[in-house]
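Shown next, in structure tokens, is the structure this report addresses.
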Amino acid sequence: MSKSPRFRNVVLTLLVVVAGVLAGCSQQPSADALKGPAEEVSSAVRAASLAVDLRISDSTTAAAASTAADDMLGDVESATKEVHALSAQTQEERTLRNDVLAAFSSVSRALLHARDALSSSSNGPSDGQGKAQLSTVQGELRAATEQLDSLMTKAGIQ
Amino acid sequence: MKRLLGVALGILTAIGGFVDIGDLVTNAVVGSRFGMSLAWVVLVGVVGICLFANMSGRVAAVSGRATFEVIRERLGPRAGLANLGASFLINVMTVTAEIGGIALALQLASGVAYILWVPFALLAVWLVVWRVKFSIMENVTGLVGLSLVVFAVALFLLKPDWGALAGQAFSPSVPAQEGAGVYWYYAIALFGAAMTPYEVFFFSSGAVEERWKIKDLAQSRLNVLLGFPLGGLLSIAIAGCAAVVLLPAGISVTSLSQVALPVAQAGGQLALAVLILGVVAATFGAALETTLSSGYTLAQFFGWSWGKFRRPAQAARFHVSMIVVLLAGVAVLATGVDPILVTEYSVVFSAIALPLTYLPILIVANDPQYMGKHVNNRAVNIAGVIYLFVILVASLAAIPLMIATGAGA
Amino acid sequence: MNLSDMLGSDVLDGAGERLGEVSDVRFALDAGAGQLLSPARLVGIVVSPRTASSFLGYERQEISQPWPVAQLLRWRHRGSFLVLWEDIAVMGSEGVRLRSGFTAYDARLTR
Amino acid sequence: MSERKRVQPRQLHAAPSPAGLVLDAQLHLLDRQMLDVDGVPVTTVDDIELSGPEPNEEIPEGTAPPQITALLTGPVLGTRIFGGRPPSSRLIRIPWKVVAGVDTVVTLGVRADSMDASWVERWLRNHVIARIPGGSHEP
């Protein structure tokens, strides 16, 4: 009988150690762990914004600009996956992670619209309707950028 | 007059041939993250590649032996095979990256997904390797690749604060938002991109292909000593464009489409078109060079018959191995791996393999049995040994830095 | 025998004391008539007291460049000597045994 | 190996210099490129075969020195790198009597196509390269 509690203790200790190791492996969504993906997305949305600007001023082609938007969409996707892989422990962490994911998804949506607008803008910016569409998209990108920026400032990610 | 034309052609080809996807991507990434604070590495790398390309060209012209024959003969089968394995792996990675680069540039031009351009790029590269004369191949890709000068033009059109750029370049420091480890990791990547071993394999084998003699050495020295530094200036201009436009905007480069943004901003659609032409030519030329290099290294290690001056039937194993390498590269791309990522790894692995390539060249360039009276002079030897030391340090530091920084993330 | 069986094997003197390892095997081509080469006869073995890798032959030639690579390799092979065929008693899996009273010659190549 | 005791000969005599060409096998022969009579690369010198001596047998005084009988290539390269020894039937021999010269390369007095050492080259030429259009055209 006396053996069994000791055995249980050993097993419990081992479990705690294993859990600790596992927790160490799957990082928590601290400001530190979110920094990389957040910066990646922030860079991506700014690049797309620049591409739309260049397209509005007729400095770049529809193909090159939409390729840029498409590449940035890929970057945001991979950053989103990275954040999804983080496991939140506390309520606070869960909120932060969800906020970040929300910001990412609005960036993602804006990028999708940007890509579509850019690839259909092959008539050139002289086409009034196309130009209007591009300005709308630009506004959307800016809004998504601001949302992400303010979140990053709030969470102390610089 | 004709001679002068030949000299000009050689220099222009060397400039256009200097930049490949590795230089393009690494310089743009570095410019967008570190500004001009790593420009000194390009300078160090260019001096190194001039030194050793020249040396290997001289060995090839005087003795008729290309670099990998020398490596096998001096290092013996064991160390030689280790070197072959490393060089061959890097060659395949670089072939993959260059073919990916061609496809990415064509996507930029057309908007059609790059993966659909890959088979086309593969076929084009193979056809040139199979059928086109060596000198034509070199001159055409080199001259068209010269359109990358658009980066330098764009930098001027952007009217940057030259003083600030020069300040970053001449008193380099690690930017506040980046760690010192990442800074040195990219320093090694830039060094590897400038000094990629395939350039030496290609250069020395090219000397044999074009049947250089001792009297051609003056011309080749001129090509290298003028062409490569000017090519290095192009590299710095790529970093400069990224530093002026992308760094202040908070954009760090992860794709080729971002590299094009500053050029489009400076010069509009015309500049963009020239840029795409230049990138296609530069990556296409480099794809040819790396494909040939993988054939050269294998053939020279095992003593097979090689060279584009022979009919393919007279160099069967050489041509079969190049076909296999091209297919392997395309198979890697077919997995959907990002070609830019392959590029970033290939330049770092290049840095790791550098000492094995450059030590035997330095030794043979001093051996009178090979070189007769054309052995290295003292100044070249001193520079060579200093570089060997730098190369060794970079090579040893590369893997620890890669692990510590998560490959520069 | 094949050359690779000899290279790197131990060299013992007549009393069984270890002298070093075979770092190279020297041949001579006696000038002969004809278009092709004359037979290559074994002259002797080069014994290096430290390492079998005949790295580059710096110990045997008058090449001193590039500093310090040449100096390092020569230092690693210091004390190398040549033993003629006449002084070899046995060659085999246990290594090379020399006859007692063998003569050690200067291993340098004269060109 | 270095733990064992070593003796060092006390003095070195000047070596007798033979009349002809002197070759150190590792330095001047092994791993060098072989070219055929037309200057076409054939293979590399992977190993060297000698006419003697019998392994592990006492060499009587006055025995004539062994000679190089052939240069070896093929699977022997693998065994030089990884150890072991290929069966002698798998060795590709290039007899010393076809060797025409030794310099930074070993030149042979025969054509590559007549040699066993180039069978892979011939096989690939006939079965792969010759079947692709343009394979036998001048570049």
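Order of writing sets the chain letters: A, B, C and D. Residues in each chain are counted from 1.
As a working rule, a contact is a pair of C-beta atoms (placed from the backbone, for glycine too) under 8 Å apart; a residue touches a chain by one contact, two chains touch by 3 or more.
Computed from a predicted model, the values in this text were never measured in an experiment.
Trainee: Shortest hop count from chain A to chain D along touching chains?
Mentor: 2
Trainee: For the chain pairs B-C and C-D, which is connected through the larger number of C-beta pairs in contact?
Mentor: When B-C is set beside C-D, the one with more contacts is C-D.
Trainee: Rounded to the nearest whole Å, what is the centre-to-centre distance of chain C and chain D, using the mean of the C-alpha atoms as each centre?
Mentor: 18
Trainee: On a C-alpha centroid basis, what's the spacing between chain B and chain C, in Å?
Mentor: Result: the chain centres lie 42 Å from each other.
Trainee: Quick one: report the Å distance separating chain B from chain D, using the average Cα coordinate of each chain.
Mentor: Between these chains, centre-to-centre, one finds 36 Å.
Trainee: Return the distance between the CA-based centres of chain A and chain B, expressed in whole Å.
Mentor: 34
Trainee: Taking each residue of chain B in turn, which ones touch at least two of the other chains?
Mentor: Residues 76 of chain B touch two or more partner chains.
Trainee: Which positions in chain D touch two or more other chains at once?
Mentor: Within chain D, the residues that touch at least two other chains are 30, 80.
Trainee: Hey, what residues on chain C touch two or more of the other chains?
Mentor: 56
Trainee: Quick one: label the inter-chain contact graph as line, ring, star, complete or other.
Mentor: It is other, because the touches fit no line, ring, star or complete pattern.
Trainee: For chain B, which residues are in contact with chain D within the complex?
Mentor: 63-65, 69, 72-73, 76-78, 80-81, 130-134, 299-306, 308-314, 316-317, 319-320, 369-370
Trainee: Applying the document's contact rule, which stretches of chain B touch chain C when the two form their complex?
Mentor: 74, 76, 359, 362-363, 366-368, 375-376, 378, 381-382, 384-385, 388
Trainee: Where on chain D does chain B make contact in their complex?
Mentor: These residues of chain D touch chain B: 30-34, 40-44, 46, 73, 77, 80-81, 103-105, 112, 120-122, 124-125, 128-130, 132, 134-139.
Trainee: Report the residues of chain D in contact with chain C in the complex, numbered from low to high.
Mentor: Checking each residue of chain D against chain C gives 1-2, 4-9, 11-27, 30, 47-50, 52-53, 55-59, 61, 64-68, 72, 76, 79-80, 96-102, 109.
Trainee: Which part of chain B faces chain A closely enough to touch in the complex?
Mentor: Against chain A, chain B makes touches at 107-111, 177, 245-246, 249-252, 254-258, 260-261, 264-265, 268-269, 272, 276, 409.
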